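Each structure below appears as structure tokens.
Heads up, the next two complexes both have subunit A, just with different partners, subunit B and then subunit C.
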Partner chain A sequence: MAARIANATRKLPVHLVLIFVAVLWMVPTLGLLLTSLMPADIIGSEGWWNLVSEPSKAAFENYDKLFDNNELTTALWVTVQVAVGNTVILVIVAALAGYAFAWLEFPGRDILFVVVIALLVVPLQVALIPIFSLYNTTGLFDTALGLMLFHVAFGMPFAIFLLRNFFVGIPKDILESARIDGASEMRIFFKLVLPLGLPAIASLAIFQFLWTWNDLIVALTFGRDTQPITVAIFSQLRQFGTNIELIAPASFVSLAIPLIVFLAFQRYFVQGLLAGSVK
Partner chain B sequence: MAGVSAAPTRATVPDPQGSGTGRWRRQAVTALFLGPALIFLCVWLVYPTIRTLIRSFFDRSGSDFVFVDNYREIFTNETLLTAIKNNAIWVGVVPALVTAIGLIFAVLTERVSWSVAFKTVVFMPMAISLFAAGVIWHIMYEKTPDKGALNASIGVVRDAFKDDGVLAAANPSTPALRGSAERGFVLATPVRPGASALLGLTAIPPKEVPGGARQAATPAAGSDAISGTVWRDFRPGGGQPGRVEPDELGVPGATVELRDTAGRTLASRTTAADGGFVFESVDAGSYRVALAAKTFAAPYEGTSWLGPKLITPAVMIAYIWVWAGFAMVVIAAGLSAISREVLEAARTDGATEWQVFRRVTVPLLAPVLSVVFITMLINVLKVFDIVLSVAPGSSQDDANVIALAMWRTSFGGVNDFGLGSAIAVFLFLLVIPVLALNVRRFRREV
Partner chain C sequence: MAAVRLDGVVKTYADGTTAVNGLDLDIADGEFMVLVGPSGCGKTTALRMVAGLETITAGRVTIGERTVNDVPSRDRDIAMVFQSYALYPHLSVYDNIAFGLKLKKIPKAQIDERVRGAAKILDLEAFLERKPRALSGGQRQRVAMGRAIVRQPAAFLMDEPLSNLDAKLRVQMRAEIAKLQQSLATTTLYVTHDQVEAMTMGHRVAVMRRGELQQVDAPQVLYDHPDNLFVAGFIGSPAMNLLEGTLERDGDGLVAVAGGQRLALDRELVRSRRALPSFVGRPLIVGIRPESIEDAAIAGDGARSRLRGEVLLRESLGSEVMVHLAIDAKQAVTDEVRELAQDAGGEAPGAAEQKAIVVGRFNARSRVATGATARAVVDTRSMHFFDPQTGLGIYDADAANSKELNRS
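Entry: the complex of A and B
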């Protein structure tokens, strides 16, 4: 008992430091949340921390206004479409390729795989100008589909890398016996590989969803009226930043959804992260 | 049956180069699996990269070949040079700092039972867009301490150590007093013990007279003392400057200093409600009496985080806030792979915690630390969103980085695709060494 108390007091500084850091890390997000709850008449003149001592001042009127604002609700809908749509496409296309790299024999396979990995570091800035021109001539400019396809492509190298490495780990015997039983590659892929690869696919899907939900540069370049939420907030921000009563709740909504996804699927997210960097 | 012939695997079927149709089928299946991905990679990555490279040698309109003119422009244009300089600062500061913070957090959090909660909190900003993180910090950085949390905290700390002056500003009522509110005032003529020093001030609005001020008066003092008054040398309907008259108020709380003729401060007093002060038991000689500048110390008005001078550090703080969690989680995973026995052995050998950390933990973690560092290096080279959302339009030139400069040149109104392409290629060249490193690392695994 005495030893335990001694141990606890010895660790007290560590606890205090970590509590301090944790609070420090939460304050900015809390600040945004409280700012978004401030009524329009005090938002420009008072600090958000006043709401902590006077919670009665908090009001949801900013959120009411936000959801009445057509531009911003449309933007949210565009974000959902792009984030979900591109994730689905990416998962299917990358899983097919990952399977090919893991279990199909074809000439130049390993070299091709290295090339795919090399593409991992192409900065997307390199593609902006040619794709801008391409989209203009093909009519993909300012469409949700155009944004989706761009995200799929730039998620591809990491996705193939992640899934191929996971699929390689599937026991060979399982695939062998399926083949001997006469199953086609397509059947093996859909009935065996996809279900077995679910953990990796989940990591990938969460990653890609968050990445595209949070994207600004792609949407800013290839959209004009088709605006995801980040771009919509950005254009509000440009109007001298006086409309903080709109920016704050919109920003909070835009980060609440990825935050929920992250908290719900934290395990997969961290797995994907470790696969991408430590492996 | 057909499945078997179409599906040679690495182990059991040693690629029999079988019948013509079998091989054809096999290739068709491979194409089906690989084709869509390759189309995406070719159309959206390979083709644009080549196209951008070519485009970078042409002028703005795209019709004239200008060879390296665009590249020369990168290194002569002032805005772009600022961007390169800023990005160099980013590269020099942020990856190292993020890795160090991640390491510290990972090591500390291992020692507490609530490490999962701590990791979740610190990691949370990773789920938020860099853009939204920028908005968050934009609010934190508001200049007026009434609105900006950061400046409010600085103000609180500052007030604990430094008092605001009792007056905002004032002028001397007669030429006998020299100086300014910023530097403080000093009486022009030296004062000897037994004499009194009159420090008359004007230009103090009635509502700025400190609370509790009474009719000004000079305290009586012995022949070895210097006494005097600091007062508002003004009364409605006139009065005579330089004389303490009825209806003129003292200035309480002012700081008066006694100095020797060389200007060294010997003693200081705070004035009473009637503005009076006394320096007792002063040695014979001549002295100067001064009204210290801190009487007029202005209240804290806030640091201009979003102004041109501090904008880059301000954006970096926001960026580190986002990425520290990433570094921590990756390093913590590496840490958990280190065998407990090695650490315990070092401890039983009498190593202090610091020695264990420095000589055992860090060397064993070196591969993980370098992965985090390199990842951050790539990220920092491409930093974009957060600069755009933290920096207000007026400081964006000062906060500029390469990726942002590329975008602004190409799409932000200038619309120079030639120069924009050149900047993009330049950015690409910067990440190629990292690319080489990555390929080597991945190849080992293939």
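Entry: the complex of A and C
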């Protein structure tokens, strides 16, 4: 007991510093949340910190207005479609490709993989103009599908790289054992590789989801009426600089959803799923 | 169930190395065949070719009536137990065992019956709901066995399934697997580098070296009549003592001379090895099993076949004493001996060494002391002789004929 107290005392300064940094990091987010709760009439005259001392001033009318605002709810829905849709497509394609690169033998496999890796260095910005003209001719411009496909394309090299490297780490004996047990490659993929690759797949999905949820540049380039929430908030800022009672809750919602997604799936980051299969 | 047959099987890798070279092996229906050899001898590669996990460069593998060279693993009707067990970590023990059956679309009730049956045999009933990571090494090993037996395959393939277990458990599982194989009577090809496993488990044992088959026979035949130096040195623990020597005539008998040691050979032995007299005056290699060497004070007679040397080490095992004697003779050092020493993790003695170390398995009552000079009697009825040129055992002028004699 005494040892534990001594131990805790010794670590106290470190803990204090860590807590301080953590709180400091949370201030802007907290400020945004409190601002979003301030009624429109006081938002221009009072700072959000006043709400800490007078919680009674808080109201949810901004959120009511936000969910009544067609433009913003539509934008939110577009963001959900794009972020979820591109993540799903990406994970499916990258998992199949990753398995093939990791475990199937076919001519040119290693060269092809190097090419995929090389694509990692291509910056997204150089593709904006060519893809823009491509989308214009194919009719993908200003569609949610267009946005999705662009994100899928640019997430793919990293996704394949990540999953292939994880799948390679699955003990070969397990796959061979399944083959002898009578499993086809497809079955091995669905019954073994996908469940065993879940930590990597979940991490990839979270990264891709967060990245595309917060995307602004791609959406600005390839959308006119198809606006995700980031573009909608951005245009609100431009048009009415004082429109903070709408921007604050919209920003907070836009921030809260990925946070929830992250917290919901973060346990899959924890590995150790493979422990116990092979001594 | 089916016989498994390997016909001139060759495995050459893309880089040109040949892992298995012209392997012929006939495994009868229901037989327990052990493939044994030092690491890198090609035994695992051979097994993997039967399993369909490696392509076959040349030759033919037959399971039952079917040539399976181009049949994928999943259609070969075999089950394999891996050294690492290769359990599916995300599935429960039950699902691990049922995996292969579900793929075959066997009715649920029947799967359940078979899985529970296997679990009962393997004493896994209490663990069916657990994940592999919650099991001990021995339990995981049994799950791997269970996965194989529920399939009721034509043949079991086992790749060093016991080498991850500790010594005590290994001995126990050794007996259990042998018993299980006996009751199921499923053709089994078992790979190991442990010659004790090979001797105790196999109906027949195939010894491999550098991708080539050295000898296939019942364990006792391998032990008593090794075809060559390699088999002689590999089978048996402690290993056979191998000395450089010559043969001399002494009256109407023969004497083996190794350095300062003279061993008058047993007449019956000389009669049964008709090729021996032709080696008189020529160098040969003399092999003596440790149990053929006994403390002279205990064996009593045998004055005509004695070794004399300093006791370097005395290892008491309770039931017997292993005595390491430094005698005036030269250790036989050939390629085979070097390879075996390397595999055992040691180094072969240099050719210049004038003292040879022989190990004798003395009676526990032996009073020999470390550092003292001891006399030992060699039981010359069970001595072995090898041609240093070819490494082949010296049995009979006619090799084919000698095989027949050996067996009778």
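Everything that follows uses one rule, which is that the second predicted complex is superposed on the first by the 245 of 279 C-alpha atoms of A that agree within 3 Å, B and C clash if a C-alpha of one lies under 4 Å from a C-alpha of the other, contacts with A are read in each partner's own complex, and residues count from 1 in each chain.
One rule holds in what follows: contacts are C-beta pairs under 8 Å (C-beta built on N, C-alpha and C of every residue); 3 or more make two chains touch, one makes a residue touch a chain.
The structure presented is a predicted model; accordingly, all values stated were derived computationally and were not measured.
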Contact-wise, after the overlay, does A:Thr230 reach subunit B, subunit C, both or neither (first, second, both, neither)? first
Looking at A:Phe265, would you say it contacts subunit B, subunit C, both, or neither? Reply first, second, both or neither. neither
First, second, both or neither for A:Ala183, with subunit B first and subunit C second: both
Regarding the shared-chain residue A:Thr35, is it in contact with subunit B (first), subunit C (second), both, or neither? first
Between subunit B (first) and subunit C (second), which, if any, makes contact with A:Phe167: first, second, both or neither? neither
Which partner does A:Leu196 reach: the first (subunit B), the second (subunit C), both, or neither? second
Footprint intersection on subunit A (subunit B / subunit C) at 176, 179-180, 182-184, 187, 273-274, 277-279
Which residues of subunit B touch subunit A in the complex? 1-4, 6-12, 15, 26-27, 29-30, 32-34, 36-38, 40-41, 43-49, 51-52, 55, 105, 108-109, 111-112, 117-118, 120-133, 135-140, 146-149, 152, 321, 326, 329-330, 333-334, 368, 371-372, 375, 378, 381-382, 384-385, 388-389, 392-393, 403, 406-407, 410-411, 417, 420-421, 423-425, 427-428, 431-432, 434-435, 438-439, 442-443, 445-446
Under the stated contact criterion, what part of subunit C meets subunit A in this complex? 51-53, 72-76, 78-80, 82-90, 99-100, 103-104, 131-135, 137, 140, 147, 151, 164
Partner subunit C, residues of subunit A touching it in the complex: 171, 173-174, 176-184, 187, 191-192, 195-196, 273-279
Subunit A residues touching subunit B - in the complex, by the definition given at the top: 11, 14-15, 17-18, 21-22, 25-29, 31-32, 35, 44-49, 93-94, 96-97, 99-101, 103-106, 110, 113-114, 116-123, 125-132, 134, 149-150, 152-154, 156-157, 160-161, 165, 172, 175-176, 179-180, 182-189, 210, 213-217, 220-221, 230, 233-234, 237-238, 241, 244, 247-248, 251, 254-255, 258-259, 261-263, 266, 269-270, 273-274, 277-279
